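Here the chain labels run A, B, C and D in written order, and each chain numbers its own residues starting at 1.
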Amino acid sequence: MKKILIANRGEIAVRVARACRDMGIPVAAVYSDADRVSLHVLEADEAVRIGPAPALESYLDIEAVIAAARKVGADAIHPGYGFLAENWQFAKRCEDEGLKFIGPSSKALHLVGDKIRSRETMLAEDVPIIPGMLGAPDSDDECLEKANEIGYPVLVKASAGGGGKGMQVVRSEGDLMNAIETSRRVAKSAFGDDTVYVEKLIERPRHIEFQILADEHGNVVHLFERECSIQRRHQKIVEESPSTAVDSDLRARMGETAVKVARAVGYANAGTVEFLLDEDGSFYFLEVNARIQVEHPVTEFVTGIDLVREQILIASGEKLDITQDDLMQRGHAIECRIYAEDPANGFLPSSGKILSLLEPAGPGVRHDCGIYEGWEVPVHYDPILSKLIVHAADREAARLRMLRALSEFAILGIATTIDYLREIIASDAFAAGETQTDFIEKHMANRHADGPDDDVVHAALIAGALSLSAEVGRRVAGRRRELSPWDTLGGWSIGRETS
Amino acid sequence: MKKILIANRGEIAVRVARACRDMGIPVAAVYSDADRVSLHVLEADEAVRIGPAPALESYLDIEAVIAAARKVGADAIHPGYGFLAENWQFAKRCEDEGLKFIGPSSKALHLVGDKIRSRETMLAEDVPIIPGMLGAPDSDDECLEKANEIGYPVLVKASAGGGGKGMQVVRSEGDLMNAIETSRRVAKSAFGDDTVYVEKLIERPRHIEFQILADEHGNVVHLFERECSIQRRHQKIVEESPSTAVDSDLRARMGETAVKVARAVGYANAGTVEFLLDEDGSFYFLEVNARIQVEHPVTEFVTGIDLVREQILIASGEKLDITQDDLMQRGHAIECRIYAEDPANGFLPSSGKILSLLEPAGPGVRHDCGIYEGWEVPVHYDPILSKLIVHAADREAARLRMLRALSEFAILGIATTIDYLREIIASDAFAAGETQTDFIEKHMANRHADGPDDDVVHAALIAGALSLSAEVGRRVAGRRRELSPWDTLGGWSIGRETS
Amino acid sequence: MEYEFSVAGEKYAVRVEGKPPHARVVIGERKYEVDWSQVPGGVISMIVDGESRTARVAARDGGLVVWVDGHRLDLDVGTAEDESVGRAGGGAGGSGIIKAPMPGSVVKVLVSEGEEVSAGQSLVIVEAMKMENEVRSPLDGVVKAVNVSAGDSVGTSETMVEVEPAE
Amino acid sequence: MEYEFSVAGEKYAVRVEGKPPHARVVIGERKYEVDWSQVPGGVISMIVDGESRTARVAARDGGLVVWVDGHRLDLDVGTAEDESVGRAGGGAGGSGIIKAPMPGSVVKVLVSEGEEVSAGQSLVIVEAMKMENEVRSPLDGVVKAVNVSAGDSVGTSETMVEVEPAE
């Protein structure tokens, strides 16, 4: 590949740019008016404005992105995650334009994007799926019939879209019709498609996903599991690998199933097969995430494989040079997603200027960062700021390292989830690996019972008072700072201003 | 361990502090007057002043360090590298005081610190050593006799000390006596001991060293090799693992020898066994580095083992929970040492304020850093600022990643070796793995034949002109910067100053 | 110098004595001996009775935000009873004596004597702790006096602007 | 505005036209269209004819140091022939017309009229690009005129101090 256009922003655009530069491939960024000085623009070799701040008029504008790729002469587009990453029409448009879309084919994207069709495909392949409806129901009565057949509790889900939007839990027959109506209404407004279906509700499951890599020559491997059960409003916030709930036998069976899923849909490139793992050890196929995932670094730490590099090699038509036998898990990795959200205020998104930024570092610490000190976080996009990933020899060492890294991590100027994540990682439940999907409601409901220790409060008070006193000192001196020996560099030559 | 005092400064003190915090152990720093706001002090839980800037009156002052440990109630001391790390008297003093010295016993330190005695020990164990003298010579004539016996070229070396100090190459009998005289003089002033000896000179060797871990219960493993052949004035500047010159058979033989060396001297804790590898494939024991090495991170990347953590566990009396069979090399790691030295000016040390610092980051990049923006680099100590380490699936991917990371790395305000290192890594000879110890003289003598490209010069000129024009703009506006929407936070409440 | 802060609703009086780099800081009954140094980037390095504490301090609406050794705390400067001026958006009420929220320098004066102002309107821009902050009127009224001009250094005890309440 | 730089002994005249965030920059025959923005921390983001160039600029003795996309270059401001004042340590010689090396503000004036000064002696401290710099006398002599005082903004064309050469 001669030049890659990255059709994304934030930390993932920075991370993809690094992979390209690691391979010696020039990188073009795109930016909206809100992102002119965002980190992904500063890090790119070229940059093209694609529209105003709203994503619909910039990062989601297929024509603007295609035009930008044409303008810089890119021969490939990396979509990152979100925005156009799983939009099969966009992939098709790239294919038609002769631009390589770094991801699966539009055909595979189309298939895995439709939950009902992919469930049908999986059933035909003997992939375990959650008991429920196979096709789009003809009527609400058909839903009722199915719900009674599989037994309550059931879930009513939207056929299109994701992120739990429109999902309804129904515990008895009497509540079903209301739930269907609500679900249809939400799905209609969110996705423009009000098709819903019912399936069996698995209680207190784990969310286990398998990373796969598939080339365009039929080779498929899996890179083991990630556990992503800790979610808030169906958004993952902490991910890890390996899972505390998966032993080597289960890992082998789930991994084989993931590979089978990828083959069944004709998948090429990097992808993720999501499963629900029941407490009884049975697992069910959920969906395919047809993109690089936010949480891909935990797999990179554990397997030593650079997934974005593999994406680019696969899209270049190369054969995988990794076999399943080459792959092994080493140590344990944990990721925390750092959001610009205010935990003290209902997790409302926070925007504004980063007044101070101290990034954690050191052995076994990776910070995939999309921000810098002095930058203003815009209000228009997903509030993810960065991802903190740690790796150590075992889970407890990784957990303690994550605590250390979070305690080194300062962001001032906006609200973030750093302290909230520290509480999660420090909790007994997390330490014990009790990470079912109800973790947040069960273990984080009564947070902030204790305030910070007295000595921390006093240290902060001392720092505050000293900084105000220094401010007074500066004002009195009438100068911004003391002259240090280094400042007195010696006489300068004189420049000439000719106009 | 309840509290560890770190008897060091700079990047290694920061790195050791992180290992302690990763294990939940409080950390006390020591500092000289030149280091009050150095990074290792900012990162510690406690900090004790141990004296004025000169190292002899602070970091090398055994009594001051012991007193600091007593003051904070530390039960262990980590010496880092350099300073007191291989001082057997210091280790003995710790032992006598009941403080755990995190390193080998004073007895083992004493033995390996004496080159002649350790050569004798190795010969008795059938460890291959470079042909030469075994004991301290009684006279210069004995040196002459030996030199004539083993054949020229020979090396005259100081028995005490390291870093190549006092080393002299002698190519014919006529030059020997002069060389001995010079060597004695240098050794006397550097180490207070003018004992010298002669040995066979191996031409164009590789410098290959094996990392070992040994517990206090007799278990010893090796963590494979590092190649550190690229040296300037006998100081390593680029290190990597694996070595391009070592195949699996040679690796196994050298590794076994390294383990044998450790056992022979009763070594416990982390250490390094250095070898010279001849072009014909024969290898010779050189010496034991009885400390954590500057270049330890390449081994950590390749093996997944945290060496400083292992040091602490071993010093706590724990048994190694790693066997030789557990260990494997994954991928390839390279380290570049970033020195405050001016390559354009004979590598003179550079000191002053760090006006701007941009640290490289991203997947597979680790920056062990001892500096921060705004800090003044003192003149009193070793000019190492930080270490940049990368890891990737193979050597070429690691090499390209190192080039990317170096190109992301900005330090303004002082001279550094960053650009020089880029040239080394970019060179054909490095790419081909031609990393014999004469690398610098052979491949870096005619550097800077080409200046930077025109487009880079023009970009710099544009940036310079724009920043001066912005400076004018600010002066004209009479304000330091524009008011942004974020600055207008809304009305403040009013504080009260009561005095 | 004495400062009043409140943290999570609790009030603290903090007295600072001595000259840099040494300070004695008194909080209630507790006395701390502090060796301190400002580090570029809004960082303060403190050795408090032997403990190394590294803090980052930035201005925020109503006070400071302080990060210290992994903890982030909001410090309100002054306390509710001490407020001679209500917060912006708090509407009318309070007196019209407008002081600087922190020691700083006046960047711009946005009103002049005799001008009618309404609650929430910006009166003066003050730069403190590297942030520019609008100081707003707590009430509707008329500007009676303007005692500062651009470039002035102001403390927290000086009245910058007086607003006579409407009615 | 036009600036003269020299890089590795080669001289360049750089002309900047237009208002931020757009500039046309002319270097010799080459014209560049630049979209640029200052980023906190001494960083300048430039999109130069579509290429994204991120630079860090700091002051150094005799000019600027610029890091741009992985390359670090020293830019001397002005060139040998244009120097109306020799470098410090260059001893006597040159005229006694002392100008500011860069646009900046005067932090302190260290001499007064009638004072005897010697070559290398500091005359004025100027802050520019976040650095304070001593401007020194190129020759032995007597201060004939001091045209600036602390707090003044100065450009590079203004004479700050005049020194009448001894003998």
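The rule is simple: a residue touches a chain if its C-beta (ideal position, glycine included) is under 8 Å from a C-beta of that chain, and two chains touch if they have at least 3 such contacts.
Values in this document were obtained by computation on a predicted structure and should not be read as measured data.
Within the contact network of the assembly, the step distance from chain B to chain D comes to 1.
Among the remaining chains, the Cα-based centre furthest from that of chain C is the centre of B. Here the spacing of chain A and chain C, counted between their Cα centres, is 39 Å. The distance from the centre of chain C to the centre of chain D, each centre being the mean of the chain's C-alpha atoms, comes to 37 Å. One finds 47 Å separating the Cα centroids of chain A and chain D. For chain B, residues touching at least two other chains, in rising order: 373, 407, 478, 487. Multi-chain contact residues of chain D (touching two or more other chains) are listed as 1, 3, 15, 41, 59-60, 63, 77, 102, 131, 155.
The part of chain A that touches chain D in the complex is made up of residues 29, 36-37, 41-48, 71-72, 372-375, 478-480, 483, 487-499.
Against chain D, the residues of chain B that register as touching in their complex are 355-356, 358, 373, 406-410, 412-413, 418-419, 422, 451-452, 456-473, 475-476, 478.
Of all the residues in chain C, the ones that touch chain A in their complex are 1, 3, 5, 7-8, 12, 14-16, 20, 23, 25, 27, 30, 32, 34, 36, 38, 41-42, 44, 46, 48, 53, 55-60, 63-73, 75, 77, 102-105, 128-131, 153, 155.
Chain D makes touch with chain A in their complex at residues 1-4, 13, 15, 21, 35, 37, 39-41, 43, 45, 47, 50-52, 54, 59-63, 76-78, 82-89, 98-102, 107, 120, 122, 125, 127, 131-138, 150, 155-157.
Of all residues in chain B, only 14-15, 18-19, 21-24, 297, 300, 304-306, 308-309, 330-331, 352-353, 359, 361-364, 366-369, 376, 391-393, 397, 400-401, 404, 407, 484, 486-487 touch chain A in the complex they form.
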